[in-house]
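There are structures below to look over.
In what follows, chain A forms one complex with chain B and a second complex with chain C.
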Partner chain A sequence: MIAPIRATHLGKRFGKNWALKDCSLLIPPGKIAGLVGPNGAGKSTFLHLTAGLLRPTTGEVTVFGRSPQKQLLLLLDRVGFVAQDTPLYGGFTVAEMLEFGRRLNGRWDHGAVEERVRRHKIPFEQRIGQLSGGQRSRVALALALGKRPELLLLDEPVARLDPLARREFLQGLTQAVAEDGITVLLSSHVVGDLERVCDYLVIISAGRVQVAGDLEDLLNSHHLLIGPRSANGLRLPGLEVVKASHTERQSSLWVRGQVTELPDGYRESALPLEELVIAYLSAPDAAALPQPRLEEMPA
Partner chain B sequence: MALIEFHLDPNSGVSFYVQLIQQVRQALLVGLLKPGDRLPTVKEVVAQIAINPNTVLRAYRDLEHEGVVVMRPGLGTFIAVGNATPAERSGYRVLRTEVERSIRKARAQGLDDTTIGAVFAHVLRETAREGVA
Partner chain C sequence: MTWVTWRQHRMEGVWTLGVAAVLAAMIAVVAYEVHVTSCANTTYSGGVEFCLPNDVLGTLAQLLVQYNLYTYGLAVLPALAGAFIGCPLVAREIENGTHRLAWTQGVTRLRWLSVKLVLLSIPLLVAAAVGGVMEVVLINQLGPSVDRWAFFDQQAPMTIAATFFALALGVATGAVIGRSIPAMAATLFIFVVVRIGLAEIGRPIYMAPLTYTQHDMANYSFPPRGYTNAWWVDQASFYDSGGHLLGRGFVGGSVQPAYAIQHFQPGDRFWTFQGIETAILCILAVALIGFAIYWATRRVS
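Let's turn to the complex of A and B:
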């Protein structure tokens, strides 16, 4: 099966600064993949490169095996992109905005778009500029889904929404995935939402991919070990230490791998997703890439 | 209309797909669901609780594997006939009575609810580990 997104040594430099560096990544089909990382980590850059809105400085990205830079016309119908802050025309009414989408796209399911907007009781005659943040994001999602894309890219879709609007947006998104089986890549800071909705996770920090893999596998393979500080170091067979912090007496170790036996006096604690993400972000040199190696990736 | 609604607790430390399985089993035990009843469709579940559709599918598949439900393509997922046997129900009743007695005793001796909950969770975890080993 052709990967919806496959990046190989992808890099992007703006002037002297590398926004993204040597990024190799594969998003498998049918996943809702979460892209997480601090501000300025390169998430938006990655999404813009994938959408064909930027050109890479190094390496390449392919979408369904095609280059969004060189073969964009072949991808336009298949890829939906909602940029940060859902840029829509504030002066248009909702109906006009939908009509705009219909005329601009080849493949378009106007009935489904209207149905999605109606489902959320958004008035068609209302101007976009007068909608609430939640309504606006619902219209943007309905528009992005209008061409029945096979891949949907969302840049911080819920960042500015209140909890209710956020939940409603994610309900709409998961429903669309359940109905059409599309692949989604969305960036977000809200780890709780990612945990609910995503089944694949990419952690990106300082322009590099730190973690990429199945969410469940990541959660199962990371643990927090807490116990007495050892003077001559601990033996942790089969485990890799992502991050460690020590007090005079105690050690806390964030580890990756299967814990077969605990060192004396140690206890194991579950590592919720938020803690896992924070452990990696605060240890920029650590990396977990339990994904297929590039050589093994299908082209 | 779906017969049951799922509710997720993100802070329980129990994965969402296990929570879904537990809630179906729980609904069966207390008689909320009966053999032949249809579970909410994947679409209904995600529209209600905004969860990854694959998580729901995986929970239903595991329940099918355990013989709790039967998935009929195009029709839905149904509670298998022969579920919620009297034996299971009496097991549930016995447990409930004993747990209730233990909780009352612990409260009478001055333990607070947080501690009681922590002890239950701890014993549950420890004995689960024994079962694996």
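Let's turn to the complex of A and C:
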């Protein structure tokens, strides 16, 4: 199976600033992958590189084995992209916006798109500029899905929606994707959103990939250990400390690995996803997870 | 892409044809009045407007000539087309972020930009051709009393080349700057610089000017008779019998000049010069379009 997205030492510099640095990453097929990180971490840059809107400074990215920079024509029909703030033409009516998609895409499924818009009770004669945020996002998603893409890239699709609209949008997304087996890469800085829909997680911070892996595996392999503060240091066989914080008497250790034996006086507690993400983001030097060894993966 | 271009730019098309119609009507009124009143070849020192009658159409034609409305229009409209139609083509998409929508559909940026450029060019170039050809007809009708060189930029094919150049310039600055208003300012500025540069520096020397020497200083008059439609590119230089320059454009002091020299482009070079400057502007326009495509496909995200 060809990886939907595969980045090797991918880097992008704007002037003197590296927006993305030495990023190696593989998104397996059929996943809904979440790309999480603080504002300015390089999420948009990564998505723009993958969508062929940008050219990398170093390294390369391939989509289904093809370069979005050199072979964009072969990918345009296969990749759907919804950019940040869901750009649409404000002066177009909804119907015209859909016609725009129909005219510009070869594999367009107009019936399905109209059905999707109708299901959300969005009037076809309404101007895009007069839609609510939620309606606008739905039209943008319908447009991107209308291409019948094999890979869907969404840049902060729910950032401007209220919690209810957020939930509905993400539900709609999971349903649509489940029907067609599309691979999705979805960026957000709200971990709660991702937890609800994603089964794969990438944490990106200050232009670097810190974590990439199955959500389930990540949750199973990270633990929070709390116990008395030790003056001599602890022996933690088979565990790697992501982050540690100490009070006068007590230590909290965010660790990765299988906990076989607990040090004296320590207890283990589950680590919710949000805690896990924050632990990594607050410890930018924490060793990133062993990423998939690109050399060994089939192309 | 055709439908998308029509939907996004139909107002530009309507404006172009509307402005072209007004311009054509203005020239037509003057040409018609000149024709029916036989005011061509007028010797009226102030110009043709003093020959025209004072009825409604005649008065309108007088005003149009007096305020040079179509003359300014033909000179300025290409630049406005470049600024108001060329600049927003890419820049407005970037400003609204919609380039990320448009350029991730199933159409490459090269095709997106090419189709838009071709479809927007058609009404603009047709309008420029209509205006320029009508000006040529009017000038032909007015006859040798009108200095054709003074309206070099207003005649076809220069109007077409200038419009093409301005459009390409607008698209290129819009793509590079990424914002409409600054791109418009840049377009207008560069257009004026190029136009003045060509007119002042290039045009006098597209071909080496000829030299006219007058020895009969007693009956000195410039321009001399018999050089119909010539363009005198400099002022007369006056020399004494020893070949020393006494002055340019005027003679002072007590020394009597022995002869005067002035350089000119003969009238039969006019259309050659139109061809040369048209070619220059078209080459610049093609280069700018190439640059805009390069920039939009490789540098913008």
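Note that in this section the second predicted complex is superposed on the first by the 295 of 299 C-alpha atoms of A that agree within 3 Å, B and C clash if a C-alpha of one lies under 4 Å from a C-alpha of the other, contacts with A are read in each partner's own complex, and residues count from 1 in each chain.
Everything that follows uses one rule, which is that a contact is a pair of C-beta atoms (placed from the backbone, for glycine too) under 8 Å apart; a residue touches a chain by one contact, two chains touch by 3 or more.
It should be emphasised that the depicted structure is a prediction, and the values quoted were computed from it without experimental measurement.
Superposed on chain A, are chain B and chain C clashing or fitting side by side?
fit
Could you read off the angle at the CA centre of chain A, spanning the centres of chain B and chain C, to the nearest 10°?
Reported to the nearest 10, the angle reads 150 degrees.
Go through the superposed model and pick first if A:Leu54 touches only chain B, second if only chain C, both, or neither.
Only chain C; A:Leu54 stays clear of chain B.
For A:Asp85, using the defined touch cut-off, is the partner it touches chain B, chain C, both, or neither? Pick first, second, both or neither.
So A:Asp85 only meets chain C here.
Under the stated touch criterion, which partner chain does A:Gly265 make contact with: chain B (first), chain C (second), both, or neither?
A:Gly265 contacts neither chain B nor chain C.
Looking at A:Gly65, would you say it contacts chain B, chain C, both, or neither? Reply first, second, both or neither.
Neither partner.
Counting only touches as set out at the top, which of chain B and chain C does A:Gly106 meet: first, second, both, neither?
A:Gly106 contacts chain C only, not chain B.
Under the stated touch criterion, name the partner, chain B or chain C, that contacts more residues in chain A.
Result: the larger residue contact count on chain A belongs to C.
Could you say whether A:Ala178 touches chain B, chain C, both of them, or neither, answering first, second, both or neither?
Only chain B; A:Ala178 stays clear of chain C.
In the overlaid three-chain picture, which partner chain does A:Pro163 touch, first (chain B) or second (chain C), both, or neither?
A:Pro163 sits against neither chain B nor chain C.
Just checking: does A:Leu73 make contact with chain B only, chain C only, both, or neither of them? Give me first, second, both or neither.
second
Where does A:Pro284 make contact in the superposed view: on chain B (first), on chain C (second), on both, or on neither?
neither
Please give the nearest C-alpha separation between chain B and chain C in the three-chain superposition, to the whole Å.
Shortest inter-chain C-alpha distance (chain B to chain C): 26 Å.
Contact residues on chain C for chain A in the complex?
1, 3-4, 7-8, 96-98, 100-108, 298, 300-301
Touching residues of chain A toward chain C in the complex: what are they?
Answer in residue numbers: 48, 51-55, 72-73, 76-77, 79-81, 83-85, 87-90, 92, 96, 99-101, 103-108, 143, 147.
Any idea which chain B residues touch chain A in the complex?
The touching residues are 8, 10, 13, 15-16, 42-43, 46-55.
Over in the complex, which chain A residues touch chain B? Could you list them?
Residues 30, 32, 167, 170-171, 173-175, 177-179, 192, 195-199, 216, 219, 270, 272.
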